[in-house]
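Next, two complexes with chain A in common: one pairs it with chain B, the other with chain C.
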Partner chain A sequence: MTSIPAGRIIRFALLSLGALMILAPYIFMISTAGKTQSDIFTSSLSLIPEHFYFAENFAKALSKVPMATLLWNGVLVCGMIFFFQVLVAIPCAYAMAKLKFRAARLMMVLVMLGLLVPIHATALPLYVAFDRMSLLNSYTSLVAPFTISVFAIFMFLQFFRAMPDDLIHAARLDGMSELGIVARVIVPNAWPAVTAFAIFSVVAHWNDLYWPLIVVSKQAYATPPLGLMYFRAAEAGDDYGALMAATLIITLPLVVAFLFAQKRFVEGITMTGLKG
Partner chain B sequence: MSALSLRGLNKSFGGNAVLNGVSLDVEAGEFIALVGPSGCGKSTLLRILAGLDHADSGEIFVGGRDMSAVAAADRNIAMVFQSYALYPHLTAGQNIAVPLAMKRLSRTQRLPLVGSILPGQKEIRTGILRDVREMATVLKIDHLLDRKPGQMSGGQRQRVALARAMVRHPSIFLMDEPLSNLDANLRVHARGEIVELHRRAGVPTLYVTHDQAEALSMADRVAVMIGGNLLQLAPPEAIYNDPAHIEVARFVGQPRINIIPALAEDGRVSFEGIRLALLEKVANGQVSLGIRPEFVKLSPSGRSGLGGRIDRLEFLGSEVVAHCRLDATGDIVIAKLAPHEARDLIAGMPVGVLLLPERAMVFGPEGRRLRTASAAPARQEPAYV
Partner chain C sequence: MSSVAVAGNVRSAAALHRRSEDRIAWLLAAPAIVLLLLFVLLPVVAVIFLGFTDFELGYGKFRLVGFENYAHLLTDRTFRRSLWNTSVYTAIVAPVSIVLGLGVALLIEGEPRARGFFRTVYFLPVASLIVAMATVWQYLFHPTIGPLNALLALVGIPGPNWLGASNTVLYSLSIIGIWQSVGFNMVLFLAGLTAIPRELYAAAHVDGAKSALDRFFLVTWPMLGPTTLFVVTISITNAVKVFETVKMLTDGGPNKASEVLLFTIYQEGFVYLRVGYASAMTVVFLAILVVLMLLQYRVLDRRVHYT
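So, the complex of A and B:
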């Protein structure tokens, strides 16, 4: 019989403890989603619900808010944001990484500055601008502020710098235009970076409450986190069971996506160079 | 009219001159090797030629046409890169097809989906496929066409890169150290193949390498470039036997040429009993005497030649290289001997070092070759002695 070394046991125990701490709220959320209102407000804290109330809570979550609309809005907004971010960032990062032009240094400074400015700083002017353009309560107002992501530019820039210059020279000699190089050489080889960026972008915008709360007041344009706000019924008190059930539903797509593509995600994040 | 001619190319990076007025002509069907130590500007020259970089001044003509305003893609110059630069996401066949697709298909015909339903594109695509197969057969890579670069060996990738460059029948062929990533055995084999391919296709080729043996063995003419200056452009025999500059003499030849300081006085150069009459006027003073190791003879008895001592003997199979130190001056002189000549030699023993004066070359203080009365006929003689 082989004995497991003590160091490994300690490491495993520490990691398990860490994982448990991170998972605890989620586990508690699952538990709460299965409790009745009275169970939730008892003074005793139990993980296993006394009466299994899952079906009722999920039914309420699905009926009280237009869950399908919320999820669809989430997919649409995240999809559009991601699409435009990549569309803008890839050519921009390519130019900054591989072309020689005078403004490159200045652009690099601007990108760095952009990384330092949070959305909260620019929220008010943006809100006023959208209001003047009568674009509040629209997909445009949800998507437009995020289409140019300096983070994406920065990330792709690092990735493209590692791409061999000769590859681009060969493409030029083969007769490709600069846009052709981006479409035919850069993009097909940038998947690891795009995947890695997709995680950051989709997770951030799927879970974002701040910006939708500012520009959207109509349920038709509400994103999933905003939809959760509708469970806060002022007169009846908060319906925590249904709220937790709804939260489970809206976090489910991300959890499933991660479990399915876990390997690729980790690859994407660790992948920094391109091997020819 | 030359297939390619360069006129006074200058290039500097941040005040550092990389090319100093380089002029060069490549004749139709010629194979020219551009050789020099790393950082001498040869790769920069190639990139400027291909249109990937711009010279500060100077002109480039391909077939008599000025290329200064022509984009890289329109110069019809093909290049093989040291790293091969194959598209990693495409198969070998697709890699070879790229330059043809870019040339023969219109912008709309290249579009995915839309392009595949446009009239006329099908025939073009079949033509491209046929040409790719043909090229692959010539290079014996037809069995690799469905593999991606990541699944191929270095030698196979190098062939695919060659095929991609040759498939569109360029007017000039540039190669940037295409063999330096191959292992030694494969390299010698690939040399022969590239020369053979060049002979068959007849495309004028400029081949950049830092390996002087590669340059001498492959090229019709060798251009030696050192420190951004093109020092000599001549057939391999002339480069070796009749170098125009001390740096050329030093760079070419293995083991390196012996350079010994000597004195020029009244039109004669003298060194320890060697007297050479100079054909041109030179101010009295220090010059350099160059003599190839194969023209140094050793006499074990020590009766003839300059007194010296063997520092070290290197046995190389077909030859023995002896490093000798001269007693009088302390200079190291290297001798290349046939094994039977070296039979009686051992390290540490005193020997007589015989420099064949008719094979000695004289270089002026700034490195330029000075003609001497006896060295002049060396040009006509064969390389072996």
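So, the complex of A and C:
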């Protein structure tokens, strides 16, 4: 013990203390999800529930919240957003990076401007437009505004610029069309950028509450954050057991994905350097 | 080879090729351009225009009112309160989460063994559904049955009504904000730290920077310049955009003590449906983002030319 320098012990202690504070909400979430109502009221500091009430709380959460619908909506909406973002951004970024494109500079200005504008700034006119077209409460309204990601264009642009031109020249000599080059040469080689962007995009839209809250007012189209909000509003009271169980179920998918693909997640976030 | 005719042919063939390449480029970029116009540029123009009208959803007609909405904003107590609260929240969350993020990154960088574990733990909130975690925080902050006040009671301190009292609600929300963003900043700083060449530390050592603090100020801090600027901008922007926790936990209350910019815009535009007035607020919000970006570019031009 004496051989370990004091500096290391202090460092380890500080890190552990901080980690404990970060983990505390998770610990209490799991513990409270297993407590009875009376348990919650009397002994909030004991982490092990007196009576194991997990099954009951989860059953209550699952019966009150259409969890399968929520998760399915979340997957569907995030999946479609990601699909369209990539489909639209990759050809555009390729044209800007690798073709003699006279409007490339203008496009760059548009992209930089676009980076500045969050959904919160465009939400009002979009809402009015979707309302006029009777598109509120639909997957279209949830997905459409995000099909264009200037951020994706920006990121793929950086990535494509670093790709060797020879690769493309060789494909052209083989007689491939430009679209063929994008599909069969660029996309397979852009895989690291695509995964990084996937993580960024999914985290951002899985978590988004603002836009779904605006365009959706029916359970059937609710995404996980919105569904949880409904559940909380309906169950208002202090039924924290069931609420924590619901919270746990909804948080789990992304956290598990993160734990499995940690390295990719961290890479994705540092590479994209942005958050929802 | 040197024949003029051939050279001319080659040149016109090249020009032809260039023109067809330009056309293909336009085609490839067309979907992006159309969507960009439709979902970004047009709405921004529309929001600026709507800010000069008294448009309300549900009423067919509207008229131009010039700067009336903006004049009204100046005296609107809710809006002023909201701007002030957003500033306070940002002034707490951004600096604290940046300093803590840097601190944790430095500690983890020096930690040989449990590094991966700590990085995972600190990053966990970034990957968690914030709306869900906000609900957990609400329980932690509960004045009577919450663990936090139970803990305080153990040491004899009467716990405050965290989210329920107008003098503490903003700080409670700030705690959640900090908890959520420390890990994100840490990851960015860690990336910046790994990019610093090791030789610089050796050189600093030779130059007499013996203590860890000397090395930090001589090498780490200046080399982290670009990363820090980036983290600062992102942190401020994200703090200005606080919405989820407010909507979920306080609805701007009690007594508008936690009204923040996006929440006020949401309330005006999508609950009271006063689209014109909310658009004027949105323009102010956009102006803040533009100013932040311009500031970033200015600093970028002046100082951080290290890489």
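FYI, the second predicted complex is superposed on the first by the 229 of 276 C-alpha atoms of A that agree within 3 Å, B and C clash if a C-alpha of one lies under 4 Å from a C-alpha of the other, contacts with A are read in each partner's own complex, and residues count from 1 in each chain.
Rule of thumb we're sticking to: contacts are C-beta pairs under 8 Å (C-beta built on N, C-alpha and C of every residue); 3 or more make two chains touch, one makes a residue touch a chain.
Keep in mind it's a predicted model, so treat the numbers as computed, not measured.
Novice: Is A:Gln262 contacted by the first partner chain B, the second partner chain C, both or neither?
Specialist: In the superposition, A:Gln262 contacts chain C only.
Novice: Quick check on the superposed pair: does A:Met176 touch chain B, chain C, both, or neither? Answer first, second, both or neither.
Specialist: first
Novice: After lining up the shared chain so the two structures overlap, which partner does A:Arg102 touch, if you call chain B first and chain C second: first, second, both or neither?
Specialist: It touches chain C, and chain B stays clear.
Novice: Name the contact category of A:Phe58: first (chain B only), second (chain C only), both, or neither.
Specialist: Neither partner.
Novice: Output check: A:Asp131 vs chain B and chain C. Expected answer is one of first, second, both, neither. What do you get?
Specialist: second
Novice: Identify which of chain B and chain C touches the larger number of residues of chain A.
Specialist: The partner that reaches more residues of chain A in the superposed model: C.
Novice: Please indicate which partner A:Ile153 is in contact with in the superposed arrangement: first for chain B, second for chain C, both, or neither.
Specialist: A:Ile153 sits against chain C, while chain B stays out of touch.
Novice: Would you sort A:Trp211 into first (chain B), second (chain C), both or neither based on which partner it touches?
Specialist: In the superposed model, A:Trp211 contacts neither chain B nor chain C.
Novice: Should A:Thr247 be classified as contacting the first partner (chain B), the second (chain C), both, or neither?
Specialist: After superposing on A, A:Thr247 lies in contact with chain C but is clear of chain B.
Novice: Thinking of the overlay built on chain A, is A:Asp166 touched by chain B (first), by chain C (second), by both, or by neither?
Specialist: In the superposition, A:Asp166 contacts chain B only.
Novice: Can you give me the overlap between the chain B contact set and the chain C contact set on chain A?
Specialist: After superposing on chain A, chain A residues 274-275 contact both chain B and chain C.
Novice: Which residues of chain B touch chain A in the complex?
Specialist: The touching residues are 47, 50-52, 72-73, 77-79, 81-89, 98-99, 102-103, 149-150, 164.
Novice: Using the touch definition up top, name the residues of chain A that touch chain B in the complex.
Specialist: The contact residues of chain A facing chain B are 164, 166-167, 169-177, 180, 184-185, 188-189, 274-276.
Novice: In the complex formed with chain C, which residues of chain A make contact?
Specialist: It comes out as residues 8, 11-12, 14-15, 18-19, 21-26, 28-29, 32, 40-41, 44-45, 87-89, 91-92, 94-96, 99-104, 107, 110, 113-114, 116-118, 120-128, 131, 144-145, 147-148, 150, 153, 178-179, 182, 203, 206-207, 209-210, 213-214, 224-225, 228-229, 232, 238, 240, 243-244, 247, 250-251, 254-255, 257-259, 262, 265-266, 269-270, 273-275.
Novice: Taking the complex as given, what residues does chain C use to touch chain A?
Specialist: Counting only chain C, the residues touching chain A are 18, 21-22, 24-26, 28-29, 31-33, 35-36, 38-44, 46-47, 50, 57, 100, 104, 107-108, 110-111, 114, 118-133, 135-137, 139-140, 142, 145-147, 150-151, 154, 179, 182-184, 187-188, 190-191, 230, 234, 238, 241, 243-244, 247-248, 262, 265-266, 269-270, 275, 278-279, 282, 285-286, 289-290, 293.
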